[in-house]
Structure formats: structure tokens, C-alpha cells
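Scroll down for the structure; my scribbles are underneath it.
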Amino acid sequence: MTRRSTTRLLAASAAALTAVSLSACASSDREDEGGGGGGETGGTLVFGAAGDPKMFDPAFASDGETFRVARQIHEGLLGNELGGTDPVPELARDWDVSEDGLEYTFALEEGVKFHDGTDFNAEAVCFNFDRWYNFEGLAQSPSATPYYQDVFGGFASTPDTPSIFESCEATDESTAVIRLTKVTSRFPSALALPAFSIQSPDALQEYDADNLGGNDDALTYSEYALEHPVGTGPFKFDSWDRSNGEVTIVRNDDYWGDKAKLDEIIFRTISDGNTRRQEFQAGEIDAYDFVAPADYETLQEDGEVLVRDPFNILYLGINHGNVPGTTANPALKDVRVRQAIAHAIDRETIVNSQLPEGAEVATQFMPPTVEGWADDVTTYEYDVERAKELLAEAGATGTTLKFFYPTDVSRPYLPDPAAIFQVINQNLIDAGFTVEATALPWNPDYLNAVQAGLQHDIHLLGWTGDYNDAYNFIGTFFAAKADGLAKAEFGAFDNQEIFAALDEGDTNPDVDGRTEDYQEANRRIMEFLPGLPISHSPPALVVSERVQGLEPSPLTAEVFSTVSLTD
Amino acid sequence: MLRFIVRRLLQLIPILLGLSVLLFAWLRALPGGPAQAALGERATPEDIARYNELFGLDEPLVVQYLRFLGRAVRLDFGTSARTGRSVTTEFFERMPGTIELTLFAMVFAIGLGIPLGYLAARRHGSWVDSTSVIASLLGVAIPVFFLAYLLRLGFAVELGWLPGSGRQDVRMNATRITNFYVLDGLLTREWDAAWDAVKHLLLPAIALGTIPLAIIVRITRASVLDVVNEDYVRTANAKGLATATVRRRHIIRNALLPVSTTIGLQTGLLLSGAVLTESVFAFGGVGSAIYEAIGARDFAVLQGFILILAVVYVLVNLLVDISYGLLDPRVRVR
Amino acid sequence: MTAMGDVKRRRIDELAARAGAVPEGEGGVSLTRSAFRRLRRDPVAIIGAVIVITFLVVAAFAPFLAPRDPLAQTLLSEIRPGNIPGAREGFPLGVDNLGRDILSRLIWGSRQSLMIGVVSTVLGVVVGMAFGVLAGAFGGWVDTVVMRFIDIVLSIPSLLMAISISVLLGQNQYALMIAIAVTQVPIFARLLRGSMLAQRNSDYALAAQALGVKKSRIVFGHVLPNSLSPVIVQATLSLATAIIEAAALSFLGLGDPDLARPEWGAMLANAQAFLSIRPELAVYPALCIIVVALGFTLLGESLREALDPKFRR
């Protein structure tokens, strides 16, 4: 946000940010006086990442480590409000929506150049939209382009799953008109996702960006994605030393907005959480992400722990058992058994003992800050006796639950899966369930297994919101798939009321009406109980005292252009 | 001597073939077979059939094995499921780090172990002796990764004397030629880069070298004790040879023979320990790659890396055998 | 003889040959007795034995010794992410991140950890001995085939072998034991074969053969029993390695998947996350592992000395 002048700010998001932006402006003025285009403080920031990025073409990305780097190199038409969840203008200065909600006219920033020196303009924007729409082969697989498919549906060559994208037209140098076939609440907010970053058409073509290899589960990427990503962002890609897990990006001195202050950032992969902490304490890295809840207090002594607002959900998914060939426990079709699970689990204690301070018990599948959250959904108190009664009523006392949970992973919403699993496991046993536990490595085994819905009864999973939109949470979980049923993860249940409420919300052009639709959807969901929402928890990063100006983002979408180092 | 070496080399062949059979069978025996391992659990029967056809997995086992062997000989172990890169490329990118680390660990273990063991034996029964014996027993009993944590906590976090992770300061823009960072620093005369790489090697090398150190102390002590009691040493002493001469000519030289054998054996231990040490110290070597591959169930990497490492191990032992043959003529005759 | 094994083999064979060289005149019984006498006078052996016996007793009587249920998350409601209550009345060593009594978990953990050590070692000994006897008793091509196979297994560094096996078998507590056992097999196979070969040509075996005693009786009645002492020594030492290796596999995420089941290696691995607030959580299980490993090593080393005729001069 600070990288453009305050005049460009949307009124909606201006208030809270004025101070930040003004100060940033002031500093950028000083920079200009100094000439030479150098940063205020310069220097190299070393950031400890928990994993390697996959590559740097955000169109094919779906994991946080890839996004973290991509966000600094690339920009989209929209961006995210600094430290918030609302979409704000980025490469698009402004936009208009037609009456019917199908045509978006984007007025683009002028004088913007890609890192390779080519111009950013309406044609470049349309080139990117057409690129996504015309993906072929492996690029169409769900693992390659999950975000595109989630927002736009299918591709030019997949008439069976039509795309809601119709066309993109460059009416002049700085105006792009995008037409959709269907109204959706996800548009245009979704354009703030890194997946819809505008990349240099020249570089995309030169380095054969769409050339994917491998197979669905193990894609291999193009030279573009691995070595030559070119965007418009405040930092340029420099190098990737894979054997040491180091990605280096350097300041883009020709950036169109407020230039970055740092000379370079090195993202260094240290997968072990303890090593990350100790390396931070030893001063080898300046900042790192995924601070273990246990370390929040200790680390305050060595730096500043930046706690993000909770913008995620951890839930216990329940397999409804409608997937053909599933071995799921049929007792779970009985809502009383699902209610028994809900009453059996002591979410209060889980939140207090295992999640960082500031975490809260979830009453529904989205955080209260998202429009559409309802304060009057059915709630399920921790009540072991009630759970036992419900089980007895359903004739399912002692019924066996195959409980799947992930290993080798720490997610923003699930810092320590094993610990939370053990608490829930004990809760369920206390309430008269029999539990058969299965632990699988997160990726790909665990995700594949629970998303297939064939073996598990209940499982732990969660979601961090991509932007402030109810559908991004509950739509992702519970909207009907092409076959008219919920997704396999929840056992393909059939609840037309939920599906209808979600669809109404998504296609309602009226924003207030949309909120009500989503509230209704939340009430239906919590009555039906396709799973049990457990918690919203605030993930944190930590920075040393030298680091100034890093604004934590609830979306975990921090931008580093505002960061500076002091000595 | 030449015949001895040739014979040793020929004897390698069955071992290497056997290794390849073992690791080929390993990948075949994984739940769901190689197709499932590569495609994941979500793979439909059609996907698997397609994959099987693509990689010739529907052919007779012998044919498949020969194919595998053919690729293995050309150092082609497929691509990593995690990074999508060639397993061999990844291996050779990371091997220099592990070689540096094991060499440093070995130098630490030998440099400290032989004098300590010798001293313990010469002062048999003194406190030096008992301390080194107890310490060497303890050294074997501490889990390597726990020791690594302790070392880092002490020397990197609390005292701040040495870096606690990585191979080189990331802020250092060192020139890379061979990927042996110490060597690179020396070649390019970037002395600070070389010194920095050395500092990064110290803690992991100590953690990794502790078990070999403990073993070398014990062996040296025992063999010095053995040799001291041998007739020829007594004869030499009785003949009135100078103590120093006796030591140099007879005791040390003969005591070092069994020690040199153990050093070859330690390679296996070091390669095992490297998996643990490198992952604790986030050290970009082969060991940490194996650790990551376990977490990601990256079978192609596991298969390729383990096979290459086993071959390395076999070769190191071959070298030790040959050098042993040079030192001790009796071996050649056998 | 192949290149690889030569060095390692020589070490093992040396050990075997020493035991094999037992003068028949002393006889099995008196050897055992004299070894036992020497052991009793050896302070190192006594320390080792005391440690081992203590832990064996603790493991055997865990249900009576543990003050609490090792699975009960008693103090869970008092746990905060940055604050795990330390030692207090009723919880002499404090609790873990799920409010479970550490002392009780350590006591029960001794059971599981020792079991992993014992089962994997016994498995390694039995299978290794079977191979060794096969090779040693039959000789010829059987010997060649068996030993070649053993050499191949031996050429994979042990932890890498254990990793491969446990990835192959999937995560369960038996996989852990089998994985460790496999790394032990070659050692025992070599050991036994070597010592049997040494004895096959010994005077008493030749004499028995000349007297027309059946081959199987010579092997099982004389040669095998006389080959056992190096096996016992090595098994004691292997127990230590097995317990440490189990901890390493836990650290690598290949340990017992049942997290509730107390086991030292798993406790140590789990405690890594709380090093900054409660380092003791890691120190206790680590100490247990170190002390037990030390106990077995001391016992094994002094056994070796006691049984080794060379040390008797």
C-alpha cells in the first residue's frame, strides 16, 4: 500500500492506513532527494522460511512458501490492503462494474514496466488472462491451477466444465475490459490472489512458461517458472540456490511505486522449527515465519513477535460416506452421531492449551471478521454426558471412528497436529467412541487420502482465507461439485439447502443480500454439521529489533517493500 | 600388488549388482508399487496402467530390472517427486557438502582420537586412561541428534561463537566453482569465504565425529596396549633401543594398523550420522536431502541416494582394503 | 572374499576366532564359571549390570511403580502454549505438553524402549544366527551365496538401511523393530559363521567326526554352543545401538505412530518443540537413553573381556 501515493487510495481502506502511508510517502520523498535511487537503509534481510518454494510462476502456485516470494516479484490488478484482508487497487488504478455484474472495466496504472523492461499495459493484462483461459494438458490439472479453477471454472478447451471467463479486451493502452458469463461474489476480489499476477508476456513466451512436465502429483516446471520470473513488483528475482535452499531477490530500482528500502532479501529454508528459532536467536536470520505457539513469549526478548489476526479455520471433517466405494462408518450419516462428536470435544481446552494466545473457539466455518458470519448458529457445548446420550439414542455407542491426522507439518491454523489429535482422541474415547488412528505425511499422502474420502471417518484440516469473502471459506468447503454433491472430503453429502444458500450468495450482485444469504448458509451448515469447526488461531512471524516496517497480514501475505533495517 | 587390486575390483561386481537388485526390489515392494509411489494414492487404475506402460512396468520383472540397471549405470535415477528435478543432479549438487562435513568429522575424530587413545594406553590405569575410556563410552551412548542440539544450543545460541546452521553465511556472495565451499574460497582467494565455510563446518563435524572419535580412542588404546606387550617390543626395549625409536618404529606403526581398518568402517557410520546431523544443522548436504525425502515420501530420491551412497561406502572400503594391503604384506597373500 | 566386507569382516572374524579358540580342556561350564568370577570382580561390569537390572526391573514392574496413568491428560486444562507447569507435588518431574505425568511416562517408556531394543536384537540374533549356521555348517556354495547376500546388506550404511525398511513397512511399532533388526542381522551372521568355521577344524570337532558322530549333532551339540559367547557379547552391545537407533528413527519421523504410547525416543523427539520453555522434557528421556545405552555397553565390554582368553594372562 505504501508504495503508491495516498491519492490513489480507495476511500474505503484509507482511514486506518493514512498514517502508515503518509510516513512511507515521507520516506520515499527523502529517497528521491538523495538521488541514485538507493534504498533508505539498504542492506540484506535474511528471512527463515519453513519450506522451499516450488517455483516462481504464481499462476501454478498453491503453497504459502511459493506465494511469499512471488508476492514480492509480482503484482496483480488488485492487491491486499496492507495488514488487512480487503482487496485494494494495485496495477489497476480503478474499475467499474456494469449493471448486470458481468463486465469489469479496469483502468490501469500508466508508466509501469516489467523487470525485463517491457511495458505493462492492457495488452499485457489480456495476454495473461488469455494465457490462463487457454491452458492445455497438465496445466489444466487441479494441482497445477487450483486457484484459477476455483475462481473461473474450466478452460477454453473444456466445454464440459465451462469457464465463467468470457473475454478480455484492451480498449486502449491503459484500459482492459473483462467480461464474465456469470455473476460471482469472488470477482473481482479474487484478482488480489497471487495466482492472478500479471507477468511479462515477452518473458512468458521466451522461456516457455506453459511447458509443464511430470504428472499430476509431481509437476515439473518451465525455465520461466524456475529461473526467469518477470513481474512488475518492487523486487526482482535474482537467484535460487537449491542445494542450500536460498532464494535471493533484489530491489527493483525502476519500480513504479514507492521503491523498496532493502537492497536484497534472502529467503532461506530451515524446515525444522527449533533450528529456525535458534538461528534467529543467534542472529543468523532476521525474521522467520511459523513461530511455534510455545515460543511467542520467549521470543519477545529477542525481537518482536508479529501476531497476525486470525483469518483461518481449523476443523474436524466428518465423512458422510456417500463416495462410491468408501469404507466410511455409516453411523456418521446419523446427525445424532455427528452431534455426539461435537459435544464430545473440549474445544475450549484445545484452544487454551495448544493454540497461541489470541486463538478462539470457532462456532462456524469462517472467522467473525468475514461478512456473512452469523451470531445465531446452532452451537455445541462440551458435554460428555450429552454426547453419550446422543450416541446411545443413535444406537452407536462404541462405534469406531477412523481418525486421520497429518504428520511432518505445521500449518497456520494447526501448529502441532499431533498434540491436537491426541486431545481430541482422548475426548472421543471418553465419550464412548472407539478410535482407530492413522497418521500420514501431509503432502501428498494425507491430503490425497482425506480428499478422496474413501478410507477416513474423521480428519483434521483447515484453511487460511485468501481474501475477505465468505464463499472463499464455506463455498470452498461445502458448495456442490459438478455432480451436485458436496466434495469427497466431507463424504459427498447431499444437502440441497446448503448448496442453494451458497449459490444464492455467490450469484447475488447485491452485497447486503449476499451477506444474508451467507448467514443463512452458515446456520444450515451448523445444523447439518458436516464437520466440527474447532478454532481460529493467530499465526505469527518474528522479526529482530533491526527490522522495521513489516506489517503482519492476516492472509499471511506480507509485503517486504516497506521493510527496512537499522543497525 | 596389481593383481591384488584387480582381484579386489572384480570382487566389487557381485556386490554392486546385488545392491542394485536390492534397491530395485525395494521400490517394487513399496505399497502400491512404483506407479502408486510416483502418482500418489489418488491415482486411478487408468493412470496407473498408463504410467506402467510408459515406464515399461507391465513387462517381465527381469526386463524391468535390466532397464533399471541400464539407467543406473548411466546414473539416471529418475526425477524427484518433490522438486521435479533429476535425482542425480540433486545428489551431485549436495554431495560436496557432505564430503566436506565427513572429512572434517574424520579429521576431528582421528586428530583427537589417536593421541588420546595413545595417551590413555601409555598411562594405563591412570585418571587420563579412565576418563578417556568413560568419555568414549558416553560418546557412543548419546543420540547424535541430541548432541547436535546441545552443541548448537551451547556454542551457537548461548555463546554465539559459531554459526549453528547452513554451509556459509547467506549474506556472503562467495564465488562457487566446485561447490566445496572451503576449497572454492581457497581457489578464488576469498579467504573470508573459506574461513566462514570452515566455521560452519565445525559444530556439525564435532557432532558427527563424536562416535567415530569414541571408537578410535578405544581401538587405539586397545591396540597400543596389545603391541606394548608384544615380544618384539620387549626385545627392542631389552636391546636398549631408544624409547623414542621403539615408539616410532614399533608401537605406533603396528598399533595404527587396526586403527586404519576402523577408519574405513566409520564411513558407514558417518553417512548414517550425516542424515541426523545435517538435518539438525540445516546443512545443505546429502543427509538433509534424505531427511526431506523421508518427510515428502520422495521414493525416487531415497532409492537413488541410498544406492549411490552404498556404492560410495563400498568404494571407500575398497580403498581402505587396498591401502591396508600396502601397509601389511600379509593381506596380499591371503 | 570381496572387497567391501573384508575390513568389517576381519574385525568380526577376529572376535569370532578368539572365542573359537577356547581350549577344549577348560570346557564350556568352567569357562562360564571363570568368566562369571572375573565379571564379579570387575567394577565396570557391576556398574553396567546394576544399570541394566534396574531398568529391567522398572520396565517389568512399570504398572506398580508408575504413580499415574501415563496416558491421562491430567493437567491439560492448566497448560498454556508458552507455559507448561513444572515439577510440583504429585508430579515430581512435571508434565508434558498434554498434561501427562513425565515420571509415569518415563517408567512406562522404559518398557516400550527396552522392548524395542530386546525384540529387535533377538530378531537380529535369531535371523543372523540362522544365516551364520547355514553358511558355517554347510560351507561351499551355500556359504558363498549366504555371505554374498550378507555382504550386500552390510554395504548399506545402517541408518539408511533402517530408513528404507521402515519406509517400506509403513509406520507401525513392529516396522521399527524389524528395521533395526535388519541392520543387526549381518553382524550376527558373520560372527557366527566365523566362529563356526574356526571350530570346524578344531581338534574336538575333527575327533567327533572321526568317531562317526552325526554332522548335525556336532554342529548343534558342540560347535554352536561354543560359538555363543561372542554372540552374547555382541548382542549386549547391540541392545545399546538398537535403543539409540530407535530414537534416531523417531527423530526422523519414522517412529511409533501411536503418539500416546510412552517411548523414550518419541518423547525426546516430541520435546524438541518445547526446548525453549521446558528443556527438561527433552533431557529426561535423553538421559534415560544414554544411561541405558551406557549400561548395556559397559556390560557388553566387560563380558567381552571376561570371555576373551586373551585377557586372562
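Going by the order they are written in, the chains are A, B and C; count residues from 1 in each one.
Going forward, a contact is a pair of C-beta atoms (placed from the backbone, for glycine too) under 8 Å apart; a residue touches a chain by one contact, two chains touch by 3 or more.
Note that the structure is a prediction, hence the values are computed from the model and not measured.
Here B is the chain whose Cα centre lies closest to the centre of all protein Cα atoms. Of all chain pairs, the one joined by the greatest number of contacting C-beta pairs is B-C. Separating the centre of chain A from that of chain C, both taken as means of CA atoms, is a distance of 48 Å.
Distance from the chain B centre to the chain C centre is 23 Å, each centre being the mean of its Cα atoms. We define each chain's centre as the mean of its Cα atoms; on that basis chain A and chain B are separated by 42 Å. Taken residue by residue, chain C touches two or more other chains at 253, 272, 275, whereas all remaining positions touch fewer. Residue positions of chain A with contacts to 2 or more other chains are 272, 274, 408, 441. For chain B, residues touching at least two other chains, in rising order: 149, 153, 279, 295, 297. Contact residues on chain C toward chain A in their complex (touch as defined above): 71, 73, 76-84, 97-99, 171, 253, 257-260, 270, 272-277.
Those residues of chain B that touch chain A in the complex are listed here as 38-43, 47, 51, 79-85, 90, 93-94, 97, 149, 152-153, 156-157, 160, 163-171, 179, 279-282, 284, 292, 295-297.
The touching residues of chain C, when paired with chain B in their complex, are 1-4, 6-8, 10-11, 148-149, 151-153, 155-160, 163-164, 167-168, 170, 240, 244, 247-248, 251-254, 268, 272, 275, 282, 286, 289-291, 293-294, 297-298, 301.
Residues 8-9, 11-12, 14-15, 18-19, 22-23, 26, 29-31, 137-138, 140-146, 149, 153, 261-262, 264-265, 267-269, 271-273, 275-276, 279, 290-291, 294-295, 297, 299, 302, 306, 309-310, 313-314, 317-318, 320-321, 324, 334 of chain B touch chain C in their complex.
Chain A makes touch with chain B in their complex at residues 44, 46, 52, 54, 213-221, 242-246, 266, 268-272, 274-275, 278-279, 281-284, 408, 441, 443-445, 448-449, 451-452.
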